[in-house]
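Below: a set of structures, written as structure tokens.
Next come two complexes, and both contain chain A; in the first it sits with chain B, in the second with chain C.
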Partner chain A sequence: MLNTLQIYNNYLVERSLLSVMPELVIVIFAFIVLFLGLFRKLPDNDNSYYLSLIGIVFSILYVLMLSNQNINGFFGSVVFDGMDVFVFIAILFAGLLTILMSKKYIEMFNLPLAEYYSLILFTVAGMMLLVSSVNLIMIFLSIEFMSISAYILTGYIKGNTRSTEAALKYFILGSFASAFLIFGSVFIYAATGHLNIYNIHNFLYTGSSNSGLSASIRDYLSIGLILFLIGLAFKMSLFPFHAWTPDSYDGAPTTVTNLMATGIKVAAFAIFIRVFSSIFDSSVFNFYNILWILSVLTMTFGNLAALLQTNIKRLLAYSSIAQAGYMLIGIIGGGHYGYTATLFYLLSYVFMTAGAFAIVIVFENLNIASFDIKSYSGIGYKYPLISASMSFFLLALAGIPVTSGFMGKFYVFSAAIKSNYDWLIFIALLNSALAAFYYIKIIVRMYMISNGDADQVELGESSANMTAIAANITPSLIITIIISLIFTLLLGIYPQMFIHFASQSVTSLWKI
Partner chain B sequence: MDTKDLLVWSIPFFPMLGAILLGVFGKYLKNYAGYIGSISIVISFLFSVALFITVASTHGFTAILYPWIYASTFKTNISTYIDRLSVIMLVMVTGVSALVHIYSIGYMKGDKGFARYFSYMNLFVFSMIMLVLANNFLLLYVFWEAVGFCSYILIGFWYEKKSASDAAKKAFIVNRVGDFGFGLGVMLIFVSTGTLNYTSVFGMMPSLPGYLVTIIALLLFAGAVGKSAQFPLHIWLPDAMEGPTPVSSLIHAATMVTAGVYLVARCHVIFSYSPFASHVVAYIGGFTAFLAAFIALTQYDIKRIIAYSTISQLGYMFMAVGIGSYAAGIFHLISHAVFKGLLFLTAGSVMHAMSGELDLRKMGKLYSKMKITAVTFIVGALALSGIPPFSGFFSKDAILADTFNKGYYILWIMGEVTAFMTAFYIFRIIFRVFFGESHVDPSVHVHESSKVMTIPMIILASLAAVVGFIGIPPFDHSLFYLFLHRDFQNSFVFSPFVNYYPWFLLSSISVLAGALGIYTAYLFYIKQAFDTEKIKRIFKPVYELSFNKVYIDEIYDQLIVTPLKNFSVYLWRVVDTFVIDGAVNGLAQGFASFSGRVRRVQNGMVMSYALTLMIGVIALLAYYFIK
Partner chain C sequence: MLFYVFSIIAIYSALMVILSRNPLTSALYLVLCFFAIAGFYVILDMEFLAAMQVLVYAGAIMVLVVLVIMLLNLANAKNIPKDFHQMFIAVISFILLFFEIFLYAIKGSGKVPTGIYTTAFIKTIGNTQIIGEFLFTKYIFPFEVASILLLIAIIGAFIFARRKF
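And now, the complex of A and B:
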């Protein structure tokens, strides 16, 4: 596609820059936003909002332009390949939707906008860099890059104790996890002498496969891998490394919650697939058993905890924990098909979660509902279209046919069935049934339980309220909901295109 | 995607677009909703005619819209199978739908759910078109359920009425029984052949063991029994008359209920390789035809009589496809769709004029007040009774002649008796509604319906009068037979002809049966030659049996509903409350109180979180070292 590429072939710096071009665009725009923030009076300008949108769009264009390339950069520590293309698109959409839904919401808190948008862009760049890292040190650095921005964003509502508390918890526990990650990398390095995962792969599979690895190498490697897994499991919020999730999701601004639930989870899963597919080796240690147990614990815990949850944000947090359990099933299923299924699930998860959070924000903006699910009673008749969309997203999360959630579950489950994990699927299906209960509980509340509050009914019809709706449901929020709806439906009824896309990306994993 | 494919996909596209438009913006469209809903169907009809001409002049083809689910060995496309059978069904479905939609503009005028009604109807037409077009069993199953769902929401359209929502529930639950079998059948097909594509599945039928083919065929037929209201699952259709009358006309007479017949015809390869299953189809059809006609004799509700008549006529169609006369079955399906759609529309017109009254005993002498309705009704009734040259004569006699010539004498006798009863009950309606003495409540102002309603009726009546001529010369040399026969050539001939009696001999007998039925009705209700009360007393057991619908509802109540209810109450009181609720609430409450307790300890929280994390780390490492 890009003919100039040939010219650069011999130029390391240029090639390296090309390999991180989509991230670079985001970072550049983040700096521009930050810089412009110095000059203007902040609360009443939209510059940073539009600039960050343009940045994301440019980055998407770059990804599409480079989509056929396979570029190694920075002495092989960063790679741009098919896997990146798919995951970048998912992450960039997560970022795009987050920015779109931020517009009115952040202005409400009267906070500096430029910093907010630039931090969002930095987080997105961090996620993308993480996915394209193939070097253990690089992975650590990009996780930190991503996380530090996310910590700040979590505590962005200054003066709000919940927000600050959430950020602090996230930070402390996140540091813990990072420590495990780097500690694991040390062990892996000690065992193999390599930091690049492809070199490690070669070391494991070709170097000593005939003679077998010595016992001490195996011990070192296994401990290293377990610790590394723990570091990533924290970001993927797998049980029992999930503890930060509900509190941070609850305390953070809802837009940031959305970014954490969609973008960070996608990035963590993607890098997990990248590492797992190349260096987790069953001849060293059977990691499938550990993943099996983690998956079952994660989804069961998430669903049980969500069951009686009354705070919508906490409920979505627990639901996202449970969803992580389902995503793991695809990885356990393994192979080309399993990873494809997981990537597909990740993409569909981005849109259905973003849609649900966008609607939480709509209600938050309107001040008609708190985070308490009880306040959703009878909303279905006052805001029919919004409630219908909410129901659609919740049905998607529950995995009802016609939605992307069903197709995602179908693919990950069939991947595991293919690898004969029948019991895992049995438990997962029980979990899905359990999960449907709390998703549908919200729908029931919206449509079948009346609020009994006469004032609100009157409010719903008065013209003053109509202007309030017009002022608070901004076009950008509506666009967010429409994009999410379209993709949730499209992935549900026309999955083959996306599966094909995901399958091509997965193929690049083995092009070493 | 070439022009042909585009043509195919635009047929379901417009009803879908209409359904979405009316569903989302219905509120703002007001009275235009009716026009938009009708126009979308008319466009779809025009495209269907174009497709019909294309296929009739060339050959069938497969149009793939996109690959749907490719999961390792499981591959399904969103694709269609276009042959002469499907285009004929398409033209019928969209044609009748278009007329019923136009009629509905008048019938549903002023209803507060006007836009909602047209949205549902468009959704139904879309689903029905896709059901006809599907080229694999999964797509078929999806739209099989979709039409069932549309039927459910349309029966319960006036959901404030308890009888309507009850009827909707009954239809849905009874259909569930059949669809469960149908679903199992689809799964069994996939398990035994490894594919769901029609062509591949049919290709493999000859090589499958006989018992498997029989089981598959019977499971598929279970779905057909539910959807097409055959004995013993016919009980939902009469109750479904609670819906608006155009719905009864379109869904419960012309299109959805015939899906079962279409299914058997479409899967003729499967059924023909299992003579046993085919015979089950034929005899259930024959018995249902007889039973429903018998019940219809004594009912008083016009719509219910016509509903039983539908069940009975569907029985004829199953009889035909069960003895391997697929073309004859489809022929009757088409002509029945026309005249039964017409009968329902005219019944709706009567109901409209009588302010919702449907009881035969409260009518009479309406002929002078609503001539168009009366004449069109009589045309429909003559077609139903099989009087030449109306359409029913050609199609019904094609079936009856085949049963005789193929040696199914019992079915033939049942069919002839049913023909007699059919003519009797339909003319009983005519004589009691349009002629005889007036029992109309004087406060009701009887009037002819508006043009938007009568014109579709007139069109359908003209069609009912002439559509039979596609069946000339009668039986196996007719235009229709020669047109459609090609699609059924790859089926196994399990019931060859044993007699070769000429058509005029056989059809004169059934015309006689029909004429006799009409004459008997005339004697009863116009001449009043007999004292009906006396006859009722003499044949009391028989009368009671017919009047109480052979007590089938009561039998189900005793055998299934009551025990099930008791069992459910037991489940609810004991199992649900103590076991399930206990477990669920206990667990969830345990978690909730746990997390609540943790939340209270503000300072210790991060520590406890770190503790869980550490426990996790230790557990994972321990797992490695213990191994």
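And now, the complex of A and C:
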């Protein structure tokens, strides 16, 4: 293949542009989609839908084309390295699946389509910028970029009070968290005098090897880093900072919920790994203890709260909080192996969750079931294929072998055992057992008919005919489910390839 | 010395923004707060930033705030019931944050600007030029990202505000 970097090596602007090419493609397509919405004469068909799919695919192609490069762009604002390649693929898949599943769903609400698709693309671009940024200013700006698009999308269903309420809660708490993040950045800058995280890393490293950092610098830095951690923990929805998650996941359109649960979580964890591995120096403060407590609280709270839920979207929201706790275990385990495990878990999480949400959308489109889990009873016999795949995704989320969820948990836990966190693993295993209970509860609901629901089911059976179903499940939804199924299975039975890919990308973190 | 004057004004006016019952009064205190912060920039030899602070915040944004207060007609908002849980949480977080600022002030030592841009050098070429140079060289990418961010915010405001599609 043509080595593009060699050609542009001497030209600074071109090199910098090359480093943000995948994001740039997405932004350009978002603009095209937006401006096509201006032309009233154009028939209101699927232009924006197909264009945004094309944009995502182009971006994936660019990521693959640049995959071996290591480019520093724009005077140390952004970087394109192996870490970006892996996480970009995960984020772009999250975006792709979200766009695929929103075709029929978003048309039901009679909302402007062009703005919707362009906002989804902008959110994806924001996530990618966040992952590739290596400068404190860029991290703040791209978090805002990603979040503001997500706030708008959360409240996108106009006139729906739940959606508006969710958007408002998300917006207020999100701005609060951003304030923490920027406050932390200020402290870090005051202590070290650098904004680029690699410069900060060098500053800490040379300082601690010469004479040790002075006490005042250490105080500033530990305050700054903890505040920074709080700002990011909000986006990762860890326990004390999770309050927005259930409400905004519940109120948002289901497709947007999927984007928030997969993409934003992946991006937040990826930037946390990047920042944590470079500037969270354990000689300043022992951050592992904080993460340990956060992880245990997040897992336990998420699972206990999920047990009590009767609404499927809220249940998935709490389960995503619990999953964030498991992902954190890999980071606590630390080192090359732990980060690899977390990245693998993130990738498998994207497909599991996207699949589960796609099926929730199928049920929502068909109007056969509300979000209430009770209405799921007996569905297994009427729609065998969909229910079987739903059960598969739920088992994957619970971490049953053969699925990707099992392999993800396996790698994450073994990373922590390598670093002797035995109690953490003990609590995590107890939590997994607890989690399996409420996932399997839904499966049982789908396949068992209790006495009270029997007459209700018969009524449904008489009215359900196959033609109506065929009209309501669009090909794009089926493609979404099939992609998620294939990857969930593939990551579960043949994880070596993906683990290798993830470990290569983690290696690039230390090539400073 | 001037620093303490400005900080007392800033903190007092910021407190009054949240304590005063009349929305218009708090808006006017907000203007005072912005002016005090502009004073900090002048102390730091950043005249350009001070001018921008006054123009953009105290000028443009405050006009919007006052206009919104007028349009909303907030006369009925005075009878909001007090929630003691909120007060409890607020007191705790206030103590924590205050402790942090206290620590910051105690431990902090005066720092002279490091790097090639010393105060004397800045005075010779003027800080407007330095800000401009930085914005269009070293921080060009964050600058561009911020512009796209603003565009998204405009789209959002448009979507939330329009009545019919």
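To be clear about the criterion, the second predicted complex is superposed on the first by the 487 of 512 C-alpha atoms of A that agree within 3 Å, B and C clash if a C-alpha of one lies under 4 Å from a C-alpha of the other, contacts with A are read in each partner's own complex, and residues count from 1 in each chain.
Methods note: a residue touches a chain if its C-beta (ideal position, glycine included) is under 8 Å from a C-beta of that chain, and two chains touch if they have at least 3 such contacts.
Not measured: the values here are computed from a predicted model.
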Worksheet item: Mind checking chain B and chain C on superposed chain A, clash or fit?
Response: fit
Item to complete: Answer with first, second, both or neither: which of chain B and chain C does A:Gln323 touch in the superposed model?
Response: neither
Discussion item. Taking the superposition on A as described, I'd like to know which of chain B and chain C A:Ile223 touches: first, second, both or neither.
Written reply: both
Worksheet entry | Partner chain in contact with A:Ser476 - chain B first, chain C second, else both or neither | neither
Practice prompt. Rounded to a multiple of 10, tell me what angle the C-alpha centres of chain B and chain C make at the one for chain A, in degrees.
Written response: 160
Worksheet entry | Touching partner for A:Tyr494 - first (chain B), second (chain C), both, neither | first
Worksheet item: Does chain B (first) or chain C (second) touch A:Asn110, or do both, or does neither?
Response: second
Discussion item. With both complexes overlaid on chain A, does A:Ser505 touch chain B (first), chain C (second), both or neither?
Written reply: neither
Fill in: Least C-alpha distance (whole Å) that remains between chain C and chain B when both complexes are overlaid
6
Worksheet entry | chain C-contacting residues of chain A that also contact chain B | 223
Item to complete: Within their complex, state which residues of chain B touch chain A.
Response: 24, 66-72, 74, 584-585, 587-589, 591-592, 595, 605-606, 608-610, 612-613, 615-617, 619-621, 623-624, 627
Worksheet item: Inside the complex, what are the residues of chain A that reach chain C?
Response: 16, 20, 27, 34, 73-75, 77-78, 110-112, 115, 118-119, 122, 129, 135, 137-138, 141-142, 144-145, 148-149, 151-152, 155-156, 158, 187, 190, 193, 215-216, 219-220, 223
Worksheet item: Any idea which chain C residues touch chain A in the complex?
Response: 100, 103-104, 107-109, 111, 114-115, 137-142, 145-146, 148-149, 152-153, 155-156, 159-160, 165
Fill in: Residue ranges of chain A in contact with chain B within the complex
168-169, 172-173, 176-177, 180, 222-223, 226-227, 229-230, 233-234, 239-241, 243-244, 246-247, 285, 289-290, 304-305, 307-309, 337, 385, 407, 410-411, 414, 418, 493-497, 499
